[in-house]
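Below is a structure I'd like to ask you about.
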């Protein structure tokens, strides 16, 4: 099993991240049902291997952009669950001081350029961040996460083409979870693999089993080196499945029970656990990791629930960055 | 006329059912509108009844479905395009502004574009800045468009039917929180004409022009102030473009006082337009400076206390009434 | 020479159309230089075989959409040069009563849905027209003309995908004239053939010599039958070259003299004339056709120059289609 | 300070040269801006001097280049994005409105977006409806944006430099017909601050607020009316958002009369906003109803007599002055 190059020690952190994401998302849904989360929240359940596998191939100076379904990306990128949960609960201690909520978590200090509630909204942003980094002489690579549905937005086309002609160090990661809200992906595109669309930009396109965290990490690592060598973008399609409804709000539109059952067999966490077991890791140790994840999320939730909401006066702050003219607090 | 109480979502749904049954050239396209009946059930049951060809679950491609609406309208259809949230109109601006709105004019009257683009304005529910915008004033600024914002189920149904039958591109913005609010709707068929304001309450002291939710805030204020002897006239333009300015100025000539309530951002908002229009012909009738009640000039924040601070509420309307009635002591302290 | 199925008689009308387009465009540039044309005008010189070849495959009930470089499409679709020229000169007798000008000629009576000054602006319109026609039970096919530059707009991607999933009877004709204004096409896309982008939508994509009117007609005919059979869209890339500057206004940015010289050898009109000569048509007859085109355009120009400009009062008409509420002439 | 007369295009070009030389994080992206120096020569010589990596000839992808501007700004660049005509902003609305304008706010102040998006407003030259729009009022309605419209070379240069140095997203709309108009510009470096209006002419009878070309029309009117003893004060806000409302209201308090001249369509235009803002604090100072001079509520037509009929001209300004000075007989008959 040469995929486990350095033994199980390097796999356990991946397991931890995946477990944390799963536990986090379940908790968010509970909090939503308790009416403590406003608006909506889009669980990453079933797709954990993608964010974790991709981010495992990134370095500290790299960047990611994210989507409405962004919690997994944030956690895989190392954001603190407590401050994330605080944001989702609309607390001042949250990453966005309660202004962004579930769909807009941003943390420059983690190279997290921002989650985005607009489907396909960050394609161009990722290209610009990548190109800008090159101009600034940084050695950064940018990962742009997006869904299968987003691959039908015009922004996908424009951004991949622009990245191609600029040879920008950006990796487009299409999380094909088979569905866009209530609409099956196969009904809104006729191409077999979304990665085939790379042809249009003369860039590499690769499809990977998105529930196999090691496979994901492998293709990511290749794309990252390519990007760092100045050879430009890669399109990665990670085939997976969302094992939860589209969102905590829109619960009525889930896929068929058969489909769900089928994909449950491929649960990315179980897949990794199986590898660990096969490598001789004992049940007890796995249970420990599970428990750790649970207590981490419990602590995060507690922290968030105890944090205070932002005072109303803060609503008019942060509209503009400091500037001479803004000193007077002028908004219009 | 027999009426029932139904929600605004149900009223809009009825309008779609009726118009699709009435006219085979009507079809719908949008995200999750068919199989799922729309995120807010406005298109419930339509795909089942009229088939997937006439109720199309589209790819997530707001520009293309809006453009397709223009093209289908040109050849004789009456498309209804749904934007899942109206904020996504930012992706369809070119098709709406440079195409739908201008095609007839640029052709010298050679074509018509009977197109409806509609969707929810989802402020007030914690969806944050990208899902909460009330952008009506942009479209009021685009010659060639018709712009509608209903405040209740009756108007919503009647106006959507009128919009579908109109030979011009119509944008209809529906406040999401009103979808679940009920109101009387006749069982018989009816149309609410485009371009006609509705005086929701007659009064003599202050003219309050409300847009969508602004109407409901104004009516709440009116009920409350009644007890204090302040008599509001509440006008619902319903159609923002063309605007029934005469109904508004007639009222201002009577009351001498004007408050405009709208949930769009303050700067460059539709409230400013109403004020400027009223001044054109009724300046002399004014007894006080008109007051605008609007959202603050910030993006819409997520957390509840912040969002509440930014969106206009009943108290803001009461404060505005006080401002235009300087001789009254502070009214409506709640 | 089996491409000349019915002998030269069926080729001469193609020659006539190409000659008329060439003469028309030269005249427009002259009129622009005389300051009789406002704004700009984008000559179709060198690309005549595309519009003529494509439109030769269409029937009366079919539709086309067009671009800023639209005169050739209009003429190939049968619009009257006189009323076109009148529009370009801003006269009331023009197709748009002087409101549209060069970039906006529209003539529903010819199935001409409109020229469009927005690059890539009509991709979605063409899909909707095609799909709408199907719903209305018409048997129409829609041709969407656009440039190589337009193939980088997001609208290209969204529309081709939408057409694919709707199986809409639309034919996307990309006129690859190697340039987008001052920018060479090879610098803004890395794909070898624009037709390769059809892969992304699982539709047929074909590249054709756009200076060979018969070859163009052939691929068009195939795409038209496919569309009429209900099998959906085709992407045709017609490779050609604009033998004039981008526009009458922007003249400074033309391509290299070598390139121009090279492509002049492939002049689509000469190519057809060569075929005619080889089929035994005499010089005299060809000269006649040339003269006919010239006098047709002369007459058209005269008609247009004598036509009167629209009175200022008409500026406020045609904003809205007749409607109850519009009766009062309300605009806002 | 030594000054020369240069065109507005040349002044903007100088600003770009200076700022790109001064700060390596500044780069430009747009269609035909490099090799060709821009359709109107605003970026002339920049690619030669700074290289193709910093002056990028982009694909025709307005959404992507605007989005790329946002992304590059987030990581520390100061991108300048050119829209070849400002009408194409319709394709970039989502990136501008839902991203550039909101990113900082949504992040709770975690990021900044120092981005400039600029381009020409090409009305008056017969380019017709899709190339002639003055859409500034849309952006005034978007919290988080800065909006600039210069009326002369001096302001254009100084404001563009300020815009590039500002840490916020700035939209700059440049009237194409002004590109070739000359005016004095110092040889020394200078900045025109954002958010500060300029009183282009002091006067006592009427406050005329002009936007871009509106300033020039107002100054023409002022020169003509001088002879008739009517004394106009002409104010150029230069920055529409944030608006230096104090300078305007101070003037209105002095003159009691307000005319606003802007080339956007009438309904929902920036002129309405200025009127509404003035009423907020200077209503009592008004001696007559403010008058808006704007384009008509039609798309911009192609033919010269039609386009002239639709766009505001000197005579419209004179008529407006007459309207706000009812005791004067008709002024400035030309």
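Lettered A, B, C and D in written order, each chain numbered from 1.
Definition applied: contacts are C-beta pairs under 8 Å (C-beta built on N, C-alpha and C of every residue); 3 or more make two chains touch, one makes a residue touch a chain.
Quick caveat, the model's predicted, so the values are computed rather than measured.
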{"item": "Pair joined by more contacting C-beta pairs (A-D or A-B)", "value": "A-D"}
{"item": "Identity of the chain that, by mean CA position, is farthest from chain B", "value": "C"}
{"item": "Euclidean distance of C-alpha centroids - chain A vs chain D, Å", "value": "40"}
{"item": "Gap in Å, rounded to a whole number, between the CA centres of chain B and chain A", "value": "36"}
{"item": "Cα-centroid distance, chain A relative to chain C, in whole angstrom", "value": "45"}
{"item": "Length of the line joining the C-alpha centres of chain B and chain D, rounded to whole Å", "value": "30"}
{"item": "Where chain C touches two or more other chains, by residue", "value": "96, 98-100, 104, 116-118, 121, 152-155, 158, 161, 165, 187-189, 319, 331-332"}
{"item": "Junction residues of chain B, two or more chains touched", "value": "58-59, 61, 63-64, 87-88, 90-91, 94, 98, 105-106, 128-130, 140, 143-144, 241, 243, 265, 267, 296-299, 301"}
{"item": "Touch list for chain A against partner chain C, complex", "value": "152-158, 161, 164-165, 187-192, 196-197, 199-203"}
{"item": "Interfacial residue positions of chain B with respect to chain A in the complex", "value": "31-32, 35-36, 39, 57-64, 87-88, 90-91, 125-131, 265-267, 296-299, 301-310"}
{"item": "In the complex with chain B, residue positions of chain D that touch it", "value": "87-88, 90-91, 93-94, 96-98, 101-102, 105-106, 128-130, 133, 135, 137-144, 241, 243, 264-265, 267-273, 275-277, 279-280, 283-284, 288-290, 292, 296-299, 301"}
{"item": "Residue numbers on chain A that touch chain D, as the complex places them", "value": "63, 65, 94-100, 104, 106-108, 113-114, 116-118, 121-136, 138, 140, 142, 154-155, 158-159, 161-162, 165-166, 317-326, 330-332"}
{"item": "Chain D partner contacts - residues on chain C that touch it in the complex", "value": "37-40, 90-91, 96, 98-101, 103-104, 116-121, 149-150, 152-154, 180-183, 187-189, 250, 252-253, 309-316, 319, 331-332"}
